[in-house]
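Each chain carries a letter (A, B, C and D) given by its place in the written order, and its residues are counted from 1.
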Amino acid sequence: MARIKIGVIGASGYTGSDLVRLAACHPGMEIAVLTANSHAGKAMAEVFPHLAHLKLPTLIKNEEADWSKVEAVFCGLPHATSQAVIRELPKHLKVIDMSADFRLRDAAVYEKWYGGAHQALDLQKDAVYGLTEHYRDDIKTARLVACPGCYPTAVLIMLLPLVKAGLIDASDLIIDAKSGVSGAGRSLKQNVLFCEAGEGLSPYGVASHRHSPEIEQEISRAGGAQVIVNFTPHLIPMSRGELCTSYAKLKGGATAADCVAALEKHYKDEPFVFMAPKGVMPSTQYVRGSNNVMLGVYADRVPGRVILISTLDNLVKGSAGQAIQNFNLMFGLPESQGLEQVALFP
Amino acid sequence: MARIKIGVIGASGYTGSDLVRLAACHPGMEIAVLTANSHAGKAMAEVFPHLAHLKLPTLIKNEEADWSKVEAVFCGLPHATSQAVIRELPKHLKVIDMSADFRLRDAAVYEKWYGGAHQALDLQKDAVYGLTEHYRDDIKTARLVACPGCYPTAVLIMLLPLVKAGLIDASDLIIDAKSGVSGAGRSLKQNVLFCEAGEGLSPYGVASHRHSPEIEQEISRAGGAQVIVNFTPHLIPMSRGELCTSYAKLKGGATAADCVAALEKHYKDEPFVFMAPKGVMPSTQYVRGSNNVMLGVYADRVPGRVILISTLDNLVKGSAGQAIQNFNLMFGLPESQGLEQVALFP
Amino acid sequence: MARIKIGVIGASGYTGSDLVRLAACHPGMEIAVLTANSHAGKAMAEVFPHLAHLKLPTLIKNEEADWSKVEAVFCGLPHATSQAVIRELPKHLKVIDMSADFRLRDAAVYEKWYGGAHQALDLQKDAVYGLTEHYRDDIKTARLVACPGCYPTAVLIMLLPLVKAGLIDASDLIIDAKSGVSGAGRSLKQNVLFCEAGEGLSPYGVASHRHSPEIEQEISRAGGAQVIVNFTPHLIPMSRGELCTSYAKLKGGATAADCVAALEKHYKDEPFVFMAPKGVMPSTQYVRGSNNVMLGVYADRVPGRVILISTLDNLVKGSAGQAIQNFNLMFGLPESQGLEQVALFP
Amino acid sequence: MARIKIGVIGASGYTGSDLVRLAACHPGMEIAVLTANSHAGKAMAEVFPHLAHLKLPTLIKNEEADWSKVEAVFCGLPHATSQAVIRELPKHLKVIDMSADFRLRDAAVYEKWYGGAHQALDLQKDAVYGLTEHYRDDIKTARLVACPGCYPTAVLIMLLPLVKAGLIDASDLIIDAKSGVSGAGRSLKQNVLFCEAGEGLSPYGVASHRHSPEIEQEISRAGGAQVIVNFTPHLIPMSRGELCTSYAKLKGGATAADCVAALEKHYKDEPFVFMAPKGVMPSTQYVRGSNNVMLGVYADRVPGRVILISTLDNLVKGSAGQAIQNFNLMFGLPESQGLEQVALFP
């Protein structure tokens, strides 16, 4: 079967390069276009030497791309910059956006959190929220998929089935989130220098992180009532990986075992979502580099409360991997194709 | 003034070695005895090469120690092993215990969490809980001080003033705790190998960590009612440092600003407890190697809730540093003596 | 085509688990037997949770294995223990040994460095040294392949073509080697604890590392005269990766450019050996998790000297990856099959 | 005794902040002026939160400084920018420069390596090279001390006594150097991002590092003949620490034991230079945060060769600590004052 020609817009960031890492081994994809305005003219080998042995197109500017033979575009641009670029793309292209630009259904919420009016509201209407396990059917027929943020993916895969099943109280959620440094991207900022982030641990975005409205949108939708959640991220001295510890009140006499049963039922046929094996705590090490999500449910000592732990690789299931999973659905390929890589441990 | 001769029991662990690191520069101390049963006969230089340039006594077995000229003993033995050793020490010795053995006032609670009857209950009665900022007067006259656990120190310094002032609801506390690997000690366990703990993040002791009853004991005492808290620790890929993110409900219309005011008032004359400077999040990097505690208070987006962040170095204020701070009080020395070292950053 | 049934002896170490990680995605392999005497009876998920989502046989003792339908065995046992195990294996099995037991052609050298007489000398005679790029034809027909050590692989891929071409002086080689901590295996040793190896750098095995005779055997063979090399390894605070900086004297007026040309010519059709792209220094990050080797050659400021830098992932090309590369050759499969994974960066 | 008022020019870099960390605990110093042009007007607490609890002057521009009551200035500016600033300082100030600007005695060498003519050649004439253990008498009476680079300090403390004693061949030296990331300073560069430098190892400045001429200047001087050395640095994923592995030919039948004896004799009364204890390899962990240098000498397996390993903390003995050691000498204070801090391990 002919490989599907794809393009990557914004290929010089970490999500872009991880998309290329996975796409290069995907039997149904051919990387035809790579853009990166600030690095246009360079070989990918120069920007990401770990990709040097691959035959890849040279980086070009967005406007130089010839999209005529391309069928799908992955967009790895920073938030607030994708919308204008995606708006101008030829309509024959299916688009998988890894930025936040099309995740929020309510334009007012977008404007409030991202500090400016949305520039492609007409596209927003048709965008599908790309949390694969929960919007699979919509994704199959979508032209534009807005892949969820890394934190929302980890949080929602854990919480949505429990909220939908009425097992936990959606109005009283505390989400303590921890992420590796790659979540901050490759741009030069003092707090992500090795000497600043290494051998240390810092909270950030406390009560102000932009993944909050995205989590609230989906939890509210699942629970049928508008909620505000606590969401508190922390920067961890590791490159990849994300772990969210969510603290919830059980509803109507539900137990931790009920939560486990609900999750096992919901995800029993999923290729990438698993409960932690007996005796093992979900840990970022166990999913690093893979598209897997590992879940664990623990009864709290505080009566009526439960501790919900979910972990994934922020660049894979939290971004490029889920994007490819959605691509597979959109093009009728086996959903796991190109994503079978086992986690790299140690 | 003559230096006070001290001994360290269990000097081959990380708390023991950090005690020696600090004691060696303390102008009022002379290290006279170092014991470590499993390393008896070795030079400290062999066990801890970073101490090789110091003139230190050779490691001996506990029973070989000549305590006659010693005035104070620091005990760095593992939990459940200190009590029997401390029980047999000559009565002229003041004892600063860094283990958990004398922290819990209720023998039944001790037995439940540590899995065996306490072997020195008579001593337990007179032991003072060594959270310096909250038990200073008792410590001054104590013979036996039980230094708090590292997590309880971080948590209680933040929460006790707020509970006492009635600003937060002590019955609804969620404490998400993060620690560097040195908290696990120097013994050989698979989960603390570099390849297992590095570049990764793992929860542990979920709903079962032994620092829970210690936190509950003190919160209950401060609030006047028995409480159960959520306490969920996580292992972070760094050697030193601890950060606790506590989530609380505000009481009676209190605000985050009220919490800040209460903490500032309570700690305004303290040498080691500080609010994070404006624009800075408390981070372990900023206290590494020092006896300092850094605090931050943040209004949650969820109405009526507050996020409370405290950080310290688990081996210093969380163990050996606080032990020396207590020693200074017990012997009438300036409280900060030997503890002025500035945090090592980067 | 039917998958070839394989077994892994010693599957509970890091080389064993990395073999499983790669084999699980290899289209020509089926993992039929996994042994680990100390973990017999456990599920692999319990020993290596990152493999939990794979369908794998339960770990058993070596003697419980049914080898009748198995065609190839990978052996990941510690040095000096493989020989006795391999000696007893049924003769229909092809064996790829990742230990040091069959690497040294001279039994006296083995005995000197490994402290005991070899127990399977008859097998040693037929063993092929599994440095794929240099013994490809022998490997194709071998029953027993002794995969090189991780350091020798990095060093020899760089040096052999230069020695053979007479460009460098084999009798004056200084090899400063650096390795991540996984090279030390998963056994519990104090120096590989996170707190001991983290944020620090230690030489080890100075003038005594067991990879020295292996390097010398091959360099001597290539150069036609017995040599002794300096080989000095250092432990680096990272889990995976190895980089060797070799310092050599150029011979007969040769230049660094001549070395580059010789390497490019020698490896031009190799799937896994590459020169670093222009402007990029070979770095472990760029090969992590992959079977690639990256090489760089630099003229020294000291006239007539050259600096030769080679890097690989010690668990992949340095062990399990090269083992699979050899397996592919032994069974007539495409040499790169199952090894196309791109390096995981960051 | 009145404390000596000091100033720090360029206090917003890592060497500046480490100077402040140490100076704040130095009983003979008072920090009177802190300058940092790009951060003028800020509190030090904002720029370096680990110093927040100290009472420190606000950062000002160089030209705003009132030097009238100051006696000594430490200069932590980047290379090539100090000379113009130091040239303009009032003559009553003693100056301890931590940049490279006054290290090279030969203006032509400076110009060649730093790419521009020196702007304060008249001062250069009187500058003393501040390698304390080797230029102590000159330093005592100097007005301007040029503290050595971090690498040259580690290398020269090891090699100078051996070259002077004629034990090693100064014309055949290979120096493989490894440094933590703080050596690169706090400026924003891609290669020192956590995700780029973490879990990886990169050579840099191969055959072109600016510390080469400094090493060569001093080795040539000690040996009485101009030499060129191999000097190859590598970036290690740790914040602090430096270790140099030097490979040398022994001269005239000398042995490794002769080298040990020469070093022990040369440094026997030094407060900060030590041989590694028996059975211990010099490692950066053992000197982190301290002003100590640890040395180890090992006979190579290659006859007539020796392996020389030296380690220090690049920000302390490699910069701010040695600067204070020199300050102590210049002002007649005990040489170790303010520098007794024990290494922070783990």
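Keep this in mind: a residue touches a chain if its C-beta (ideal position, glycine included) is under 8 Å from a C-beta of that chain, and two chains touch if they have at least 3 such contacts.
Heads up on the chains, UniProt names are A, B, C, D = N-acetyl-gamma-glutamyl-phosphate reductase.
Predicted model only: the values in this text are computed from it and were never measured.
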**Study point:** Chain of greatest Cα-centre distance to chain C
**Key:** B
Review point. Which chain pair is joined by more contacting C-beta pairs, B-C or A-C?
Key: A-C
Study note, to complete from the structure: Taking each chain's centre as the mean of its CA atoms, chain A sits from chain C at a distance in Å of 35
Check your understanding: At what distance in angstrom does the C-alpha mean of chain B lie from that of chain A?
Key -> 39
Check your understanding: At what distance in angstrom does the C-alpha mean of chain C lie from that of chain B?
Key -> 45
Exercise for review: Hunt down the residues of chain D that sit against at least two other chains at once, touch-wise.
Suggested key: 14, 182, 195-196, 198-199, 237-240, 283, 285, 288, 346
Review point. Where on chain D does chain B make contact in their complex?
Key: 14, 17, 21-22, 24-25, 43, 45-46, 48-54, 182, 198-199, 239-240, 274, 276-280, 283, 285-290, 292, 294, 340-346
Check your understanding: Which of the residues in chain D come into contact with chain C in the complex?
Key -> 174, 176, 178, 180, 195-196, 198-204, 206-208, 212, 228-230, 232, 234, 236-241, 243, 245, 247, 281-285, 288, 296, 298-303, 305, 307, 309, 311, 346
Study note, to complete from the structure: In the complex, the residues of chain D that touch chain A are 14, 181-182, 186, 188-190, 192-199, 237-239
